[in-house]
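Note sheet for the following structure.
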Amino acid sequence: MDIFNKVVDYEVVKKLFFDEMKLLYSGFGGVGTPPSLIDCLIESGVKEVNLIGNDAGFPWIGIGKFIVLKRAKSLIASHIGSNPIAGELMHEGKLKVEFSPQGILNERIRAGGVGLNGILTDVGKGTILAENKTVVKIDNKEFLFESPLTGDVGIVHAAKADTFGNLTFNKTARNNNPIIAMAGKTTIVEADEIVAMGQLDPEEVVVPGIYVNYLVPSGGINWKWIWEIPDKRSQKEHPLK
Amino acid sequence: MGDTRQKIAKRASLEIADGMIVNLGIGIPSLIPDLLDSSTKVLFQSENGILGFGPTPKENPDGALGNAAGYPVSIVDGGSYFDSAIAFGMIRSGRIDMAILGALQVSENGDLANWIVPGKRVPGVGGAMELAYGTKNLIALMQHCEKDGKPKIVRKCTLPITAFNCVKKIITEMAVFQITEAQLSLEEIMAGYTLKDIENHTEAEFTNSLQLKEHNQ
Amino acid sequence: MDIFNKVVDYEVVKKLFFDEMKLLYSGFGGVGTPPSLIDCLIESGVKEVNLIGNDAGFPWIGIGKFIVLKRAKSLIASHIGSNPIAGELMHEGKLKVEFSPQGILNERIRAGGVGLNGILTDVGKGTILAENKTVVKIDNKEFLFESPLTGDVGIVHAAKADTFGNLTFNKTARNNNPIIAMAGKTTIVEADEIVAMGQLDPEEVVVPGIYVNYLVPSGGINWKWIWEIPDKRSQKEHPLK
Amino acid sequence: MGDTRQKIAKRASLEIADGMIVNLGIGIPSLIPDLLDSSTKVLFQSENGILGFGPTPKENPDGALGNAAGYPVSIVDGGSYFDSAIAFGMIRSGRIDMAILGALQVSENGDLANWIVPGKRVPGVGGAMELAYGTKNLIALMQHCEKDGKPKIVRKCTLPITAFNCVKKIITEMAVFQITEAQLSLEEIMAGYTLKDIENHTEAEFTNSLQLKEHNQ
């Protein structure tokens, strides 16, 4: 592979996904989730996927589009409220959900990305989320051990990328993208714009290209946001149908 | 119900003073920026990675510029974007002056339950545990009772706890309560309600600082 | 305090330093260490200071200027080789030095800044640096517990700041500045340029102003770098004298 | 001695291939960018927070653009600046293809000692432990012997260890050794030296793959 030109087409990317893989996906309520890579994931036909990300998206937005197809086996997330179908699958035992406090989830993914073996925190102590966690005693204080998280594959949405994979982001679509980008064994980035090396100011780079394995050009957002939909109550319906 | 939510949010907006850095939860709290007196010099922070967001833009909402609920916001001078890990760094390390969160139940000693109704509703914990953990001044907003009339300000939470002893103030459509050293006290009765209404719809024990104030005058 | 205008003069800053404080200072071999704040620290007259930073600077550069005055009691750092006087003070028992692997030191400071209770790592296992460390066993694997670090005061050197304290940095003078900025109870920033709020692009901000307590305008670098000095062997001599 | 250092650095530069990401320690390794064939497409990374630095600038060196030793460098197209925590994130998580470090001693099984001579010299550990921990291909550069002639390639390190079983190759002014599965083997004798010289100045046991190669021919 030429590390100075990581741009490939979606057919190449499709073959990087596999059944039962651990997939890290970026985004916060779908904002910052790579739309074309989600479609590519769906088209790849993979199943029994173990998902790790902030939330379950909406049924027609972001990772939610994949979850409603019942091809995810498990999900580690902080929130699934915006995707009622994810909640149903969970209650039916068809999707194993592990909740992690949102900031701790980010730190666990970051720990995986930067090669730490875990973090200690007292966030969540005494709550049901602490029930199965290892407790570590330091100087007579008890902390929860939070394990690092990595993905076999990570998918990320960037604003700009150079061909080496240096990345910038777009406003609050940055959210957990820089963290997710560091924690995949294979990191695939969908970028709104791809430029030559030297076209990004070294100061503006948010994620250095060393973390990126493949780059694809974005097809753009192809869903309607919840606030664009007149009747927000019908969350289970796909509003584009 | 829309009116009730607006009313609670409007009352909550009065808690915000110049120079504060405030985090707003999803639900009722997210209505606050549009209701806040526009002369208030505040910086709103959100878990997705923004400090300094303003009201809903009047035109050209941007899908890539939103609050934690994904709804469009604007950005003020001096605002910044950063990743979610840093957003929570601010929260856990106590840099947020005030967090205003929605709640399902609050107990009289300030325990907060706001993320799960087992077997029924699973919104998920989101950033609530960390906000409750790190924020000095935590305000819970909620309708005073459930739809079936059951009190939500309780002696002891029956729903799973988000964080213990963290809520400092409760604002509902009926009343404002303060929680100081695990003691609940009634601070304000909202227009249209009586002390009797509040007593009838509150399970928790509370002292009445309104009466105390009258008595002291 | 007006959080929207944190600019003060050095007389105000001088009073923020105190005897026996834990002082976090930024910089890597002096690059990125705030020169005017170092002078202000020296002028403040404080002593018995507990230092936390990457290295000991050079005797005439960065924190080295303070260390050679023998007013530091202890130092947590990864490297002191460029300041032989620090080594002498250590051998004479006048400066207590704790070495931490450089990246782990950064992570410990970061952990302090983002409110984590510690990290686990196997970096350094079996070496003399692990000797006094708490070992934590997780799933039958042993890791070193690394404690979070915070400072009573942290000093930082930025390129640009707005009056709220949003910061950008200058090339490799960024180094540990963003980490140090987050971990001080009181963070004081020396900036090469101070602009009004709204003058920085929200995307280019590296450290959000929420972490900053005081801002002072920089007087600029007032030392010679090692590579500017013809005879590099006389490291103990102050080359400006 | 300057010549020796240049010679070791020049030989080390031949290890660097197109498309590699390489970290250079302070001391002899920091001489490499100026000696490397300028057509080599490599990205140098450094712990202070830069990926993609180039040779010493011919004019206008910038105090704010330096390597880990603080000496001026340039930046190449596609380079970036980031904080030191991220720099070490890359290192610990194995994203660096090759690290070339200075050494005080290397043992025959690849233990590295390069940060302290107790009671004498205390440079400090710097980033060496993490580089040795995370980097697949670790090359140690050093003068073959100490000033007093004592071998530095030893059976067992007498100096405190930086990391165990980490060195893959040793380059000195006399020879190049490979370490595979904790076995030291001589790969190359530098011009001007004989096998006898190397045997006389190396304490560690080593196999001679040069002889093996000859034998196989």
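As written, the chains take the letters A, B, C and D, and residue 1 is the first residue of each chain.
The criterion applied here is as follows: a contact is a pair of C-beta atoms (placed from the backbone, for glycine too) under 8 Å apart; a residue touches a chain by one contact, two chains touch by 3 or more.
In this text the structure is predicted, and so the values were computed from the model without any measurement.
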Task: Co-neighbours of chain D and chain C - touch as defined - done: A
- [ ] With centres defined as the mean of C-alpha atoms, identify the chain lying farthest from chain D.
- [x] B
Open item on the list: I'd like to verify one number: the distance from the centre of chain B to the centre of chain D, where each centre is the average of its C-alpha atoms, in whole angstrom.
Closed with: 56
Open item on the list: Suppose each chain is reduced to the average of its Cα coordinates; what separation in Å results between chain A and chain C?
Closed with: 34
Task: chain B and chain C: spacing of chain centres that average the CA atoms, whole Å - done: 37
Open item on the list: Residues of chain B that contact two or more other chains, please.
Closed with: 75, 81-82, 85, 88-89, 91-92
TODO: Would you please write down the residue numbers of chain A that are in contact with two or more other chains?
DONE: 107, 114, 116, 122, 169, 171, 202-203
Task: chain C contact footprint on chain A (complex, rising order) - done: 107, 111, 114, 116-122, 134, 136, 138, 141, 143, 145, 147, 168-169, 171, 202-204
- [ ] Could you please specify the touching residues of chain B with respect to chain A in the complex?
- [x] 46-50, 61-66, 68-72, 75, 81-85, 87-89, 91-92, 116, 119, 121-130, 133, 160-164
TODO: State the interface residues of chain A toward chain B in the complex, per the touch definition above.
DONE: 28-32, 54-55, 77-82, 87, 90-91, 97, 99-104, 106-107, 110, 122-124, 126-129, 169-179, 206, 221, 225-227
- [ ] Enumerate the contact residues on chain C facing chain B in the complex.
- [x] 1-4, 113-116, 162-164, 166, 182, 196-198, 200, 202-203, 205, 208-211
Open item on the list: Help me check something: in the complex, which residues belonging to chain B touch chain C?
Closed with: 19, 21, 41, 43, 45, 51-52, 75, 77-82, 85-86, 88-95, 134
